Structure formats: structure tokens, C-alpha cells
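Here come two complexes built around subunit A, the first alongside subunit B, the second alongside subunit C.
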Partner chain A sequence: MTPATLRRSYVESTPRERIVALADPGTFREILDPFARCSSPYLAEQGVVAQRDDGVVIGRALLEGRDVGAIAVDGRFLGGSIGEIGGAKIARVLERARDGAFLLLDTGGIRLQEANLGLLAIAEICDAIVALRERAPVVAVIAGRVGCYGGMSIAAALCSQIVMSPVGRFGLNGPEVIEQEAGIEEFDARDRPATWRATGGLRRVAQGHADILVEDDLDDIARTLREAFRATRNRERLSLARLRDRFAESAPA
Partner chain B sequence: MQRIVLERAGGTPVTKRAHLGAVASGNLEVLCEPPAGDGATIVVSTSVDGYEPVWRATLERFLEQHFIAAAIEINDFGATPAMVSLRLEQALELAR
Partner chain C sequence: MKGAIWAQALLENARAVPGFPPSVIVLDGTIAHLAYRAISILPNASARFPRARNGEFGLDEGLAVAEAVRGASGDSAILSIVDVPGQAFGRREEAAGLHLSLAVAVESYVEERRRGRPIFALIVGKAISGAFLAHGMQAGWIGALSDGDVEIHVMPAASVARVTRSTDDEVARIASVVPATARDVATFAAFGALDALFDVIDSRAPAPAEIEQVRAAIDQARREGLGTRAPADRLRRPPAAARRALALDVRRRIDEAW
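On to the complex of A and B.
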């Protein structure tokens, strides 16, 4: 294993740096970059400064020669929240992807400032993931500081495979939401070690809620992403059939 | 939220586009590109109201030190003047 000092940290990288490091060298082509100025029209009227890519980086890239959709959510901007524009960017890339897609998720879920539009966008993303994984791998990576929560945790759960690092967290409701709704006896959101014990990458992989554990290391994640793509192609149809059977069992007509 | 616009005529145009930073706590996003017309234009959107004199001092100093023509957009989320200067220097290094 590479000594920690020589690793290139995923956590410390920007969303664009992450995609570039994970894709085949020199193959990432961004679509709607910040100079396209596709930012949220709803934030300014609520007194919030918008980011010019709406916190989502999308494009096409090669992964071992396969033409895949590349998506990275910027967890630094409004908690990596998904609004109308960012959500539409993700959904369109998934709909047009040829040989699969990878999603670098660092997101708290729906952007509350855009409420129903965010919900709708995430429904579109979920639809697109299910449609794409019928014919190609869709791999989610959860290895950033924010983790993956809310509606986007549902999107991640729909992916063919989930790759996590110990830094990443993955759950439907975030710690603060659980504390607010169920009381501090149920969950103390200030207890950070408890948060990671409950929803961190180590736990999620052990539970089977995520598939592969990686280090906070771009080279390790790049290797693992390729393995996940290779492994998925063989087992995908089988697992989708299993998913349908399980759904039929749990919800008889 | 406050909008601040600064303009100055003349200068050597930057040749490339540069984008860096993020609209995140204590940080800012900078978009720097060759100008449509002549001179330097800096358009700031900041989440913190009431610091226009500090912004003007910081940006005028940057334009004094660099006689450039460029269209610069700043989307700020509470960055300190030092952070603003650093990001502008980075952007210029990439765009020149």
C-alpha cells in the first residue's frame, strides 16, 4: 500500500480533479462548464449567491476505453445539494451515457431552497439510473466529507455498485434530521464518532449496504472503479431480476 | 446579498479562461476570461452585505498591480480580503 504521505487524497481534491484523476488520462470532456453559466435562477431571489456550475460537474470520459458518463457533485457548495439545474445535468448525462456512468456523490440530497424542483430532479435521476443499469454499469463513489444523504442516497442505492471510503457516510436521513425528528435520546448529532459508526464506509461495507471499501486515495479509487465496472457487467442482469423478485414478494398484487 | 461592479480602461488582455474556488464558507468562485471589449471588468456577488469599501480597496489594489484587460466574475461566500487576493492571483496565473 502507498504510504499516506504519497497518496493523492480524494477528500482534498476538487470535483473536477476527482473526475480527471479517475478517468483514463486526458479523456474527460466537461459539458456545461462554469463559463456556460448554467446556475440556479432561484437562489439570488432568496439572498443566496449561486455557483456557476450549480455545484455539479458533468461530462464524458473513457474508463478502460469505455465511453462513460462522468458526474461529480461539489459538496462544498450548499452541502452538495441538488437543485433543478444540477439535477437536470446529472439526469441528462445518465440518459445519454453509452457504456455506463460513474457518480462521485458528495451530497446532502435535495436543495431546500428549490424544494419540489429538487425532488423532481432526483426522481429523474433515479429513473435514469434504473434505465441505464439495464444495459451498462452505474457505479457510485461515496468518499467525500459530506457523504450521501436524503434523496440522493436513494439514487446511490439504485446504482449497480457503491464504492465507499471510511471518510464517506451513507444514509437516508442525516444525523441532524434524525435528532430533530426523533429526539436527542435517539441520536445525538454532535457525537461525531457515533455518526461514523452508524453510517460510515466501514460500517456500510460490513453491512453489505455498500459493496467495496477503498482508501482515501485517488489511485486506489481509480483501480477499484475499473474493477467495479468489470465485475458489474457479468452479474448485472441477474441482480436486476433478483431485485424484481424481491419486490414482487414484498408487494404482492 | 450585494453586487459590486468595478471597471477600468486599457490593459493587456488575458488569453485564456480560468475557473477556480467554490461558493463555500470562507471561499469564493472566480471566473476569469478575455474581455468582450476593452479594459478590466470585475463583477462581485457577495453573501455578506456592507463591505463595499473593503471590496473596492482589494480589487483596485489588484488592478493597480496588474495592468490587465479581463472579464472577471466573483461569487463570494464570506471570503477574507487575503483569500480574495490569493484567488485573483491564482486566476491570473492560469489565464495569462
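On to the complex of A and C.
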């Protein structure tokens, strides 16, 4: 057990720090880093300052020697929203990755400012995940402040394994998408504890909607990520019979 | 009910497949002597989940679509008729895991397509957000009615102005300079995202010649093997070269660096 003072928080880390901490030491090689100046041209017109990596960090890394695609969405930039550039980055890494991929998802889903270009990209991402997981593990980690919502929640649900911390939230329609991405203040803050109880990592793992629960600790997540890569795909999660039972429990009396 | 109207109009020798909730119509039939299974989401005022009574994609709809796609006979293509106003927005749905309902539909479409089953989609009304991702976007070929009622976007129109704290005029201005935020079918087609547009006089009452035109296009697409193309193939359509140049550039630069 690592003393609490030496633990490194995933939540408090940047997307690059997260990938570096989770990959085999010294193996992460970023592609299209901020110096490549890949930033969205659609945002200035809409009063938003763009970011030079478009809020998505990608590259290649080793994980126990496996040659994997590494993807981290930056939840601090426009709620981790997916636009044309970020979406193309994720899709192409998934298409190219040899021995699997991990996705550190902190995302509200499609970027409203690039609406249908994000939509097109997420359809490609979903297809690429299913194609890749047929031959190698695709592991999603949902442990950041934003959680994983919108179109990207569909993509995450397709992954071989899903790792969550209690901080992470996982659902289709999140109130935070609206708050973070567009700043609406209408959402009643008193509903927040309820949102966590219903969609947070503890609940999702208990439901079997996510596979492995981790602490907010990079070392714990690094160990768990390797464990998830060794596991076979969890086919149970999207089983029709199981979902039918689950949903029936939720139906109004 | 446009989904049902077009599903019934397009399929010949159509018969309803039993065992699905009233909000999901599943028809088996033929077009030009080849087998198709048509699937569409319909309003159902007595759906057990109240937030999915107006044709939204909810918990039951995802399961039904997945089952319909997986259960089609071996020689049948899938024809998804798309008129979905969005996903069900409900606390109960979120707690149950609505994203899994959409994911299981997506998974079914992708796996069947990757196994070689042709998937076609025809947008006859609204194609909004997650609901469109789960029902339509994984098709190898997507056609749409060129109709003012057809709408393609990631969020219902009423929400956009509210969420962006702007006015309808400002939303319209942005749509004119950032086409990705527009909602009309012609702009979506200009990204290379659609394979065919069909002019219709009244999308609620298709005329025989209009039906025949859509059938002919789908039949030709099937014979050309277009129903099994992956979504990324849309980047290879001619309009994408200019209108999705950024995505193409990003992909090229990743390939160079890989």
C-alpha cells in the first residue's frame, strides 16, 4: 500500500502525464503534439479560443511490451468535446494500433461547435473500436472530472474492458455536458450527488456496466490497465438478455 | 410515422416480423427480388418508459433494433429507415444505462456489416444525435429525402440556442459560416456523408415514382456492393476532399509519423 502522501492523483494530472504514467516507462511517443499546431479553425468564429492539440493527445506506447495506441481526451478543453481534428486523431490511432489501444476518456461527447463533423468522426471511432477489439484489447478508462458522455459513451461501451474510478461518471445524457461545454447555469447543483449515485464508477461497476473499479491513483490505474489488457473481452456487458433484465428492473411499475 | 410509411412503401411482399415493441417496426420483404429487413422507430404513446413515447431512441428501442439486425435471415440486407428526434432524455434511462442500449444497436450494425451483411439507411425525417449514431450512421450507404423536414444534427434545435446562450439568429448565422453546425440535408450531403438525395413532393405520402426511384438506387447500391462500406470510407467520397480536408490531413500526418 502506497502511503497517501506519495500517491499521484489521476484527476489532478494532465492528459499527457496520465499516458506517460500508465505506459511502460519512457515508451510514449506523441503524434501531432501541440507543436504540430493542429487546432480547430471553427472555434474563433464562435468566440472560443482553440487549443493546439484540439484537446486530444495521441500516440504510440508500449504496455508490457505490447505496441498499443494511446489516446487521452483533455476534459479541461471544451469539456473534452470531440470535433473534426480530435475525432480524426482518435479514429486513426484505433485503425493503426497493432496490439490494442487504451483510451483515457474525459469527454462530454460531440463538440457542439463542430456538430456534424464530430458526429461523423464518432461513427468512425465506433467502427474502429469494434474492428480492433476483434484482434486485440481496447480498454477505456473513465476516471476524470468530466466523465464520459454523449457519443463517446457509446464508443466506450463498445470497448473490451472499461475501468472506472468513483470520480468517473458514465452515461449518455449528462447535465455536465451542458454546463461544461456551453456554460448553462440552469442545472440544479443539488442534483449532482444524485448524478454520481446513478452514473458514477461505484454504481456502474456494481451494475456490471463497467468492469473494474480503481482508486484515483495513477499507480493503481497502471496496474489495473495491464490487468484489463490480459483479460478477455467482456461480452456479457452488451448481452441482449442481460440488458433486457436490467432495463426491466428500471421500468415504471 | 414517416418511418413506417416509407418502410411499408419501399418493401415489396412485406410482412411484419412479430415480437418487437410497438415503437419498433420490423418488416421483411424484397426490393427487386432481393431480401431486405426494414427497421424503423415509431412513436408509441403507451411505451412503458414515458420519455420514449414520441419516437425517441430509448432503452427498449436499442434492444429491439439490435435484435432485429442480428436476427435477419442470412441473405437479407438491412434497411434502416431513419426518423428519430433524439434519444430519450430521462433520469430513469440514465440510471439504467441508456448508452448501453445505443451501444448494443451500434455493435449489431457494425458486426453484421463487417460479416458482409449490406446495411442501407434512408433518412426520411429527423436524424438527431446518439439516435442517428445508433440507427443509420453505421450503414454502408445512406440516402436521404431532399425535404425541408429532414434534419441532421447532434442536438434538438430548441436546445442549441439555449445551451449556447445565444439567439436563434446567432445560431443561424454560425450555421452559415460553420456548415458543420447546420441542420439541413444539403449541407450534410456536402461533406460526402450521403450517397443519394431524393426529391419528394410530400414526404408523408410518397408517390409511386418516388418510391421506385429510391428502390432503384438501393438496388443499384446493393449490386455494387456499397452496403458493406465502413464509415471512414465516407472520407473517400469526392466532396470530402475539400469539406473534410482537415480530417484527411490529420489522418495523413498520423500515418507519416506512425
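The criterion applied here is as follows: the second predicted complex is superposed on the first by the 216 of 253 C-alpha atoms of A that agree within 3 Å, B and C clash if a C-alpha of one lies under 4 Å from a C-alpha of the other, contacts with A are read in each partner's own complex, and residues count from 1 in each chain.
Just so we're on the same page, contacts are C-beta pairs under 8 Å (C-beta built on N, C-alpha and C of every residue); 3 or more make two chains touch, one makes a residue touch a chain.
This structure is a prediction, so every number in the text was calculated from the model and none was measured.
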{"item": "First (subunit B), second (subunit C), both or neither touched by A:T14", "value": "first"}
{"item": "Partner chain(s) touched by A:V49 [first = subunit B, second = subunit C, both, neither]", "value": "first"}
{"item": "Larger contact residue set on subunit A - subunit B or subunit C", "value": "C"}
{"item": "Partner chain in contact with A:E84 - subunit B first, subunit C second, else both or neither", "value": "second"}
{"item": "Subunit B versus subunit C as contact partner of A:A131, first or second or both or neither", "value": "second"}
{"item": "Subunit B versus subunit C as contact partner of A:V93, first or second or both or neither", "value": "second"}
{"item": "Subunit B versus subunit C as contact partner of A:I31, first or second or both or neither", "value": "second"}
{"item": "Subunit C residues within the subunit A interface of the complex", "value": "48-50, 59-60, 63, 66-67, 70, 87, 89, 91-104, 106-107, 110-111, 114, 129-130, 132-134, 137-138, 152-155, 160, 162-165, 174, 177-178, 180-182, 187-188, 191, 193, 230-232, 234, 244, 246-248, 250-251, 253-255, 257-258"}
{"item": "Residues of subunit A that touch subunit B when the two form their complex", "value": "14, 33-35, 44, 47-52, 74, 76-78"}
{"item": "Interfacial residue positions of subunit A with respect to subunit C in the complex", "value": "31-32, 36, 38, 41-42, 45-46, 58, 60, 84-85, 87-89, 91-93, 95-96, 110, 112-124, 126-128, 130-131, 150-151, 153-154, 156-158, 170-174, 178, 181-184, 198-199, 203-204, 207, 209, 237-238, 240, 243-244, 246-247, 249-252"}
{"item": "Residues of subunit B that touch subunit A when the two form their complex", "value": "1, 17, 19, 22-24, 27, 29, 31, 33, 45-47, 73, 75-77"}
